[in-house]
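What follows is a pair of complexes built around subunit A, which joins subunit B in one and subunit C in the other.
Presenting the complex of A and B:
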């Protein structure tokens, strides 16, 4: 019964959110729409880590690798093809292949959490250095110059599938990104409720026991890692589409840290949590950016330490547990309350 | 012939710098099984301490060999008391907290010193090999790396503190039942690891561009070295630095420094697939 209950809430919430996305352009101005678009793209990235860490138990510190690869794959493909539809497909395929290769080595190597976190973080740093060094005419894929630390400017933004002359307006791009966020959320929700989802949660809880029940933890973990890579790559494509620009800073340490902070603040083991955490932090960083005294990474670091020490479960699970405790107490304590009164 | 000597020197300096930048991290990892994600910032603090001391008129040798390790070591002890000690037994949370710490340090340093590059002049001159010119500071770093390894070995092998440290490394519960307080050992370890990082930061100050974010340039290599080496502090560190330093410099010589790093990383990932516990998990089991 609670499962159906949760899914119903998710569906109703998503329907309301979808209506909100559709009518938002009527109420807020263009600048805010652009702002919301990038928030939504980042929230998809947050979902990718929320899924693989919160449900798959894979501690990936370098989720930006897949985000950045997706972004670069989109940019290069969109410039070469002049059409965004195959570019989006490539923005998902390239990170998935990369996740499969990397995941094979580290998951099948059977390394511990600590190693996995460190290796994935190192990957993102190496990619940063690698892409940074691609300045010059030598480094180009097709007609797209990688541009090194200058990045790739003027990336074609998303057009209607099949008609590359019909470019989406900022409002349409917002609706697409907002609906994509809801679709990814629901998709992951259904995946978690499926047999596959139950198996990966079982593996997260006790890998040996799951293995003894006949499930190979390695292949399930690898698939989870690849799904996370696909979602992050898709988010990368939407992110490039927002600014029509991509640069190597997309692989930098600051963003890797932020994704972790989104999930920590929002809460591991939920999907709504990472979205909330992402929106809160993005808003906060934007606010900090408008003044000069305090440095953004100082605040972000302090927030991360504070949550790890004081609210290790994150906002969403803490609130959920609190509400659940109140509900169960109000049910079982009715008699006592009556006596008191 | 001359080029062979130059490449040889490059390899030695590559190995030496890997040893220096990874040693503090390896000490903390070997003892506490956690990766200190603020390691790069400890190096940065060491470098800043040297720069500030030198600009305050202190002799450069005193600044990098004494002041930097002491200052950063004390900082490490404070960090352990205020932050790490609350998270024992929660490995992942410890790593996340040190990541938060790394952001805080970068942010604070940026607020205080600004995002500009500072530096100190290299204290040693150069010498020439045939037609090539190279700095005397490179062999000096190699000597310092060797001295540091000998120092760690001697402390671990011959002192009472080293004996306790080895006991806690092998079996913390057993050491605790024999009257050793692991909390104190961990505090001292974190301080020692930080001090070694401070020393490395001070030594690198004359050859690095010093900015608040400079840590990021070193941590990738340091992480790979320590993970590839495994939990044995000395042999893991030496074998991984030797292997990776060699691969990195040869690959960098044949291609570019960045591709050298990529090739280094790919070989490290293959190594992890073959030896999930690092080199020392296979070959130097139970050794220092």
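Presenting the complex of A and C:
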């Protein structure tokens, strides 16, 4: 049953955020705009895990597989076609197909949740090593050389659909990425409020009961996994577009771990949470990176431990519960449910 | 000419290593029949239910639903054929409200709007309307049992399996459960597993007694409860037989 009230809040918040995205270039300099662009692309990646883990109950340790495949698919397609529009489409299709195959064997094979994490992590490392060893002229797709550990430089960035000579300026790329983040957020919100969304939450809560009521948990989990792959792949395309460069490190362990940290800090079971967690951690890492005394990974580890011990639910659910408690004390009831998400 | 029974098991058997939990059970249930299944702990009652609903696969034998062989089918497939089960330990969606639990159950077959109406009707029938917006995880054991029974009803099955529906309920709640079962039985067949013999006497017509995985006797409730063998297998269990 869709929460009308909650959806209204999401829409108003998104509208304000959209206006913020549009006017940001008037107030901040180009360097910060570039910074915000990569933060927003990463926040979409955070949303992909926030969705499949927080709502589908699937802890995927290798969300970078889909992110990286999306990035490479975009790069290869953009070089071959000289046009970014079909490249973005491919950056979604390729990870979805990969997620469908991988997810089919894991989920229909009856592999338990813990091993799903192990398998997905391993797959991302296999992709890392695979792409790493594609240096040399023989490894190319069409005109795009994969470049092994050197990566693919000079990837064409996003152009206007239908006019490949009109390349988006950094400000326009920021607006595109920022609005894409909001669109993905709203899309997932609508999905969660739909019957499909209700059912995947039910399966997360009690798979046995869902099956005994006639829902096949496997197909729902597989579709959830594929949607997560699509969103991560899209994030990958936007990420490549930011730096015009992609290398195998995109599959590396560090990023896989970071995505999980974003979601834990921001809060599982919400969509705003992973965005907040992602932006906060990235901002923090950037700030710490600009000074030399303390190591960023060290601080990040300490922050994570602090959160797990003190704010185990994460930022967004903790704030939500606090607001809900205050409201129910002053009002009467009913509002609690609506503030959710 | 005999009528096809609603449910029929033929030589149904499951072994876990050396233990035969359900042993060669031939069980037949007519349309709209109410059957009570009793037996001491470890008799194989819950395992039998798991075999009927596809949660376990039989080692040998078959389960037929209206003549159709459903042995080896998945739980969701059997559910769609019209079998609903309330499990021994309540299986409910804890982080969702009572209303949402029932809505999800109804939505499998029905449109969203009809599902809301059906959920509403069942909450009225089960007197859950007052806690409609509460999260099921915060409710008492008895209330969670009612919610689970509600989700089973919302699936509108032809055959309902209830595994200890009165466990952990107060005296009044037990009476209400008995009334409810008789009411449900006007339209649907039920198999009820229960240890509370007073409860069994209230609702039962025919009783099947399981002992060590096999059917001991299958009789009219009064005959069954006075049978020497039934009393023997229960003896020392402290039950009011």
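Keep in mind that, in the parts below, the second predicted complex is superposed on the first by the 327 of 341 C-alpha atoms of A that agree within 3 Å, B and C clash if a C-alpha of one lies under 4 Å from a C-alpha of the other, contacts with A are read in each partner's own complex, and residues count from 1 in each chain.
One rule holds in what follows: a contact is a pair of C-beta atoms (placed from the backbone, for glycine too) under 8 Å apart; a residue touches a chain by one contact, two chains touch by 3 or more.
For clarity, every value in this text was computed on a predicted model and none was experimentally measured.
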Simultaneous placement of subunit C and subunit B on subunit A, clash or fit: fit
Spatial angle subunit C-subunit A-subunit B, Cα centroids [nearest 10 degrees]: 80
First (subunit B), second (subunit C), both or neither touched by A:168: neither
Touching partner for A:205 - first (subunit B), second (subunit C), both, neither: second
First, second, both or neither for A:195, with subunit B first and subunit C second: second
Comparing the two partners subunit B and subunit C, which touches a greater set of residues in subunit A: B
First, second, both or neither for A:215, with subunit B first and subunit C second: second
Touching partner for A:111 - first (subunit B), second (subunit C), both, neither: first
Overlay on shared chain A, then closest C-alpha pair between subunit B and subunit C (Å): 10
Footprint overlap on subunit A, comparing subunit B with subunit C: none
In the complex, subunit A residues that touch subunit C: 1, 195, 198-199, 201-202, 205-206, 208-217, 269, 333-334, 337
Touching residues on subunit A, where the partner in the complex is subunit B: 59, 61, 102, 105-106, 108-111, 113-115, 117-119, 121-123, 125-126, 129-130, 132-133, 252-253, 257, 260, 264, 293-305, 308-309, 312
Contact footprint of subunit A on subunit C as seen in their complex: 53, 55, 74-76, 79-80, 84-85, 87, 91-97, 99-100, 103-105, 107-109, 112, 116, 133, 148, 151, 155
Residues of subunit B that touch subunit A when the two form their complex: 33-35, 37, 83, 86-87, 90-93, 95-97, 99-108, 110-111, 216, 219-220, 223-224, 227, 256, 258-259, 261-262, 265, 269-270, 272-274, 276
